[in-house]
Structures are given as C-alpha cells and as structure tokens.
C-alpha cells in the first residue's frame, strides 16, 4: 500500500455555505464553572442561531457521547451563526477543549483562519474566573486587546480591575483573544464571570449573558436561565445540609 | 545525508490482495474485560478468517511480544477477512490500542480509509461495559449511529437502555463508531458486554459473541468458550478463597 | 473545505528588518532562579536594545498574560538587538521555555536558523546553577564548546571547575550551546550563576551580568540591580521571621 | 518571514563515508542495568571501531552533557563501524533512548533505513533482563526473529527458555529486533544479560560480551571488564554495610 495522507489534525466540515458580513466571533468553550459554554449554548438556542460547521480533531478525546436514547456522536467543536443587519454573529463552542497545548493552538488557528473568511472583525471570548467562594451577584471581569471594544463593554458594566485576574488566562478564552490579535489582527475582549469554580455555574453565566445581550443588542430575555440557577442552588443547598458523595456525583456533571 | 521521509505514523502492510464485497467491519480491540478482543479472536479462529493486513504504528508501544519459544514479533494491529455470499466480514483486532488520543484517531482514520476500499458498508464495534460486580448472565448493551442496524440487533437481544452506559464510550469501540459515521458515512452499532472489569471476561464475551453469530448468521457454536469461562471462574474462586497476590499475577493476564 | 496548512509549530514574526554584522547571541530564558531571564531583561533595558522579532509557538502554553491594566498579550519568546561598532548583540528571551523536549528543540532550531542570517558568530547562554543554599557572593560557573571563548571569559572570573556542575545542563541554556555548536557550527559558552534555586535571584543575576558587561565591553552600571536584590532579601527575611504562605505566594512570583 | 522547514525529528550526520559490506548491526543502548550500553562501549573501544555518524533528535532530552573539563556536547546517539574480512560490524549506542514511544520508533526507523545502505544483514540487540536479585553468574537469555541466528548463538550458551522473559521486550532492544524483521526484512536476535536491575551491571555485561566475542570471532579479551566489576562490587558491599544515601548517589550513576 502506498504512502497516503494521514488524518488532518483539525478537520472543519462546513454544513452551511452562508456568506457572512461584518461578524463578531463569540467563543464559549467548556472551562471553569462552565461559564463560557453555558452562555454560548443559551444564546445559540435563544436567538435560533444555525449550525455552520463541525470541527473534529485528534486533539479531542477519542470518544463518542450518547444521548439518552443511546445515539452516539463523535465528540466535536461546533460553529453556529446568526445573520443580522447590525452585523452577523458566529459562535464557537464544543464538547471539550483541545487536550494538549499544541491541540489548543492548532484548533484555535484553524478556526481563526476560517473566521477571517467569515468576515469576523472582533472576537469576544467567554470564561469563568475562579474565586473559590459563592457570590450573591458575580461580577464580570474583562481583559482586552482593543481599547475600543474595552471602552464599549466597560460602559455596560464589565470591570477592568488592576491585577484582577492576575497572571493570565489559560485555554481557549485566552488563546482566541491573544492569537486573534497577534496572528490575525482581530481585536477583542474576554469576559469572565466570577465563579466559585466548584460546579457548573449558570448564575455566573447569566451575568456574562446579560452583558453580551446588551453589547450585541440582542434583546434576549435571560429569565429562562433562572430555572437552571434554581436547580443548581437546590442541589448545593442539599449538599451543604447532607453532603452525600453519591448525590454530588449524580447531580452535578461538570459539563451539565 | 539528505532529508529523508520519516516513518509514517501508521503503516498498513497488506498480506492479501483479495477483493471484498458488501462487507461489515467488526472492531474488537483490547479494553475493559478484554471483551472485544476475546470475541474477535474467537470468531476469527472459529470461522477460519484469513489474514488481510498488519498495522504497525509509532502510536503503539515500542515493544516486541514473544511466544513461549522466544520468537519475537513487533506489536501490531491486524485485519482479517472472511468471504461469504451473504456479504464479506472484515475483523480489526490487535495487541494494543493507540497510546495517545492522536494515536487512536490516526490508526482509526487509516483503517477506515482502507475499509472504504474493502467495500465496508456497516461497522460493529465490540467492548466491555464495566459495572464493577460479577454477573450471572451479563447483558449486552448497545449504542448506535444507524437506526436500521439498531433495530436489527435489538431484535436479537441487545439492550438500548436510557442512559446506560451514561457519558460516553472511550477508545476504539467508540471512535470507530463515531468516526465511521461522521467522516466516512459508515453506519454502525457498538455492542458492549457487561463485565466486572476486574479481569479478562470470556463470560461477557460469550454473550456478545452469541449476538454477533446471530446477526451475521454464522452458525458458530460458542460452546468452546465455556472452557475458557471455567478456567477464569476456577481462578476467581481460588482467589476469593485464598487471595495470594502471586497467583493473581501469574494466572490473570489482562491480555489473556 | 479543502486541506489547508496547519499552524507552523514555531512562528517567527520579524518586527525590524535591520541588517546585523558580526553578532553575538545572548540567550536568557526563564529557568532556575530566573537568573538568565533577569540578566537578559536587565541588559536589554540598560543598553536600550530594540525589538527584532516575536516568536510564537504551540510549544508554549495556550495562554495570554495581562499587564495591570488588563491588556492581554499572547505568551511568546522575543528577540532584541543592539547595533555596535564592536559587533552587534542579539538577545533571545521570553515568557516561557518550550513545554516539551520536542518544543525546546524546534524553537531552538528555528532561532538558530535565523541567527545565522543575523551574522551570529558566537553564542552565550545564561542560566542558574542550583546549589540549594543562599550564597553571600554567588560564583559564575561556565561550560563551553569553544576553547577560545572559554579562555576569554575565564580571565573575567568565570569558573570552569572539575565536575561542577556535574551531569549536564537541561533546557535552553544547554540546548542553544549544544545545538549551536553541532548543527550550526556556532561556538559558545554557558554562564551559570550560583543560586539557591528557591526563588527569583537577582543577586546571582548581578554576578552573571557583571561578567557579560565586561565581556561585551558594555560599560553598563549594574547598581540598579541592587534595588531588586534588596526587595528579594527583605521578602526572604520576612519569610524566615514570619513564614506565612499567603505572603510568599503574593510576593515571590517565579517569573518576577 | 516565509514558511521554513522545521527541524527534522531525527538528524543523522555522517562523519565517515566508508562503504561497508556484509554487516552485522549491534544495538547497545542505555537500559536495564545498562547491560547493552556497557557491552557496546566496551567492544567499540576494544576493537577500535571508528565513528560513523552522530544521531541528533528532538526525541532525546534537550540537554548537553559535560566532560570533567566543562566541555559541553549535545546529547546524541552514535554509530561506529569496524571493517573486517569476515563481514563488517556496525554499532549503535548513545546517551539516551528516545523519550516517547514515537521517538523510539522514529529513531529506530531512520537508523534501520541507514543500516540497509550499510549492507546490514543481521541485527543483534543487547539488553538487561531484570530479575531483582544479585547473581553469581548471570545467564544470557535470548529472543529471536531468525531461527538460523538463534541456533548459532544457542551453541555459544545463550538460553532460549520457555516463557523467560515473559511478556515482551520494551525499548530499543525489542524495537530494533521487531522492526528490523517486519519493516526491513533483517533477521536477528536479542541477547539479554540477567541483572538485578538495581544499578549499572558490568558483570552481566561481561557475560553478554563473551557471547558476542565468540559469535563475531573477535578474539577480544574481556578481562579488562573485571576491574569495573570489582569497583561496582566494592560499592555495593560498602552500601550493604553502610547504606548512606549520599554515597549511593555519588558512586552509582545509572549511565556509568
């Protein structure tokens, strides 16, 4: 057998050939408190964004996920879009982040390469900022590569605080921001909802969502997130009163 | 010395140039309770399947295995085939699964690429479903990407149970199913025998084998697996009565 | 979507097209006691070296770092240069070293490939030599690939001591020295300041800096490092008197 | 800056352009008890084999080693040769084995590719077989891919024992044997000296060396290994009488 091509490390399979204009890219991947992914998933559903592409990669786990009916699907990242006269929106979300440093870079690079073809002009990445305690009203902290976008979101309540978060932002929320600016000339901000970081955190996601709804002028009602917040609060209350490890495991999936 | 090609990450060496038609691919690799591999090895021997190809890869351990005579063979994966008028059968088995995520994807991709040339139309992957306790009569659970194949195997006793197994299927049994469907358009099912997961489990493999024999209309007698089941049961009984770690180590090879 | 190029593993982005002549390459990366990086950063600032290039790589962490104003920058390595009639100087420094063995080799190889275009004739790598205790006056130990450079720096006080350090030099300080000689024919020395290795060590860096200032005839005053030395000494004194883990964490960044 | 080639994963740099005929390849790398490397190093020196090539690779550690004079050399693997009318000999040895599975395969593949150009007809790999206790007279066990070579070395005292060693041979000693046979059609044997595996073991190496000297008709006197055996025995005796961890560390380098 002759020498054949090996699997591409990142495979983007377009499922729609729509032409987008003046787009903003929203990146919401699994991560701390799952804040970014909850926010992206909520908005995709709320504004009825359409599927644009599947992203498969050997940098994701070698795994299928099953729905409750036992239908299996290969783990993936996904792109969605929403056409609007104010400028189109592209969402990037997924089941997992790349497993290695190289994996994270390669997936990010390929998605940004596609983004330039989708006329993406700005990037907004979403994440959680772990503070190790529960907050009544989580703040939304920001990091930026563009002063202009920074000032716009600052007016909407995003806090750019000295040395908060210190150190850096690791993973997709940081990498899309940094690589977007450096290698593709795309300015952006990262919005981080404060979260205990101990479980999936819709309360933090709600604050991030509100900022995004304002910024993108979506007019979406975020009240439907309250139900999910109540569920999580009920579970955490039960856990505090009756800390059974079995229940914890069943009720609180990280990717829930 | 000039720049020369480096070793391909996956090398498929054909040992037979047979032309196959209307094939089904059976994937049985080492894994939980070794259920998939026992099933595949048993059927390959029972129906006298012939060797089709060797698969070598730097994603497998850098190791030789020796037979009892000290003859050494490089670790590998292998393809076997059986020509039949009802449609041909291709088996994929091996000494190890790929060591990394990338390794699992690359081996799977190359084998599926070959599968399309072997006129493979459906995929059946085999594995164990770890339940952490011994079962008198292990059930066979299923996951699917094709409703049609699902319904066929359901009639033969495969259980498609809500949220069982939850989460996902990791490794070759999941990956061939998911990648087969997504990247090669090949529908399939995964058959998982319940197993304690503590040792190699021919009893679970027997249940999976029976389903496969029915589904593929092989007419194979699975009674010869009973001898192996008895061996394992004798060992586990001895272990429960006299739990000597030395004996455990000698008698119960994972890849046995 | 067609098969597109994947991200290069190491991307060197030139920011200046200066033509350099008869250059020496100074390598000062994060490492033991951060001695190499402190030295390189101090000299770059003192002699007002100019930015030459950014080096991005998937071998670096997938991360942005933020300044205190929350401006985010993708982690990177950097090249600086200083034109001089005595021969030009190129500095190589950065936020991190490559995360894996392959990463270290690939970054080093690409930078040395560029170095040959910058007319680099000699390499001086900088690092710390961990001795596990505080020293009043840290010595500067050397390793070499060129007898000529060895003799020059020996006259300036660098100690080439039998079996000190034993074993070898791991990371960029070793690799640029060894690969420079073997694959690019560039002779050099490695200068290692003795350091406890427990925290960032400007005192050790000062001794290395003095040697470099002499060797390169820079005439730079190293007194401004004393302030930084005092800061670290104050912190270590406080830590000895009052070992609070919180303070330790806040005050003593490894990359400080 | 344009897209440039990245570092080859394995770089073989020829230092002699000798034409070899009817060669045997001896593989002696660092490993269990260092048996393979001691044997190869001893023979290279005894029969005054000449340097043929250096092998550099990003699969080796990013490190330089220093001689006692502080002269640094990049870690490497090396090929040596000896021309003889009975057939030429090629030795492969080195400072380290590849750090990963992929690294071991890629280095082995490139060296075997070169071996075919050096008219290599047979492969003999050397290693230690860890038995966890000291032996007065270590046996030499064998594994083979060629019945012919097996029978030849069996006559010289190599033991091909049922299920000894069980399992397999991991690392270069196994890989060169298996890959040589499967991918390059080169038959061979692996000679394994019994060793406690606790420290570098010249006594075991001596037994392996004797077999090789006989097999290759070298007529080399192995008595000079006795001095080294005595050194190690003195150290182990001292360690048993006075088990000071410091001394152990100083005296017993694994790669000694």
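The chains carry the letters A, B, C and D, assigned in the order they are written, with residues numbered from 1 in each.
Note that contacts are C-beta pairs under 8 Å (C-beta built on N, C-alpha and C of every residue); 3 or more make two chains touch, one makes a residue touch a chain.
Note that this is a predicted model, so its numbers are computed, not measured.
> Where the contacts of chain B and chain D overlap, which chains show up?
none
> Tell me the angle, as a multiple of 5 degrees, of the rotation that maps chain A onto chain B over the C-alpha atoms.
In degrees, rounded to 5: 90.
> Validating interface symmetry: for the copies chain C and chain D, is the fraction of residue numbers used by both over half? Same or different.
Both copies, chain C as well as chain D, present different residues to each other, with under half of the numbers appearing on both sides.
> Approximately how many whole Å separate the CA-defined centres of chain C and chain D?
About 36 Å separates the centre of chain C from that of chain D.
> Just give me the whole-number Å value for how far the CA centre of chain B lies from that of chain C.
51
> Considering chain B alone, which of its residues make contact with at least two other chains?
If we look for residues of chain B contacting two or more partner chains, we find 9, 13.
> Could you run through all the chain pairs that touch each other?
According to the stated criterion, the contacting chain pairs are A-B, A-C, B-D, C-D.
> Which chain B residues qualify as touching chain A in the complex?
Chain B residues touching chain A: 5, 8-10, 12-14, 53, 98, 101-102, 104-106, 108-110, 113-114, 141-145, 150, 160-172, 174-175, 177-179, 181-183, 190.
> Applying the document's contact rule, which stretches of chain B touch chain D when the two form their complex?
1, 3-4, 6-7, 9, 11, 13, 54, 56-66, 68-76, 99
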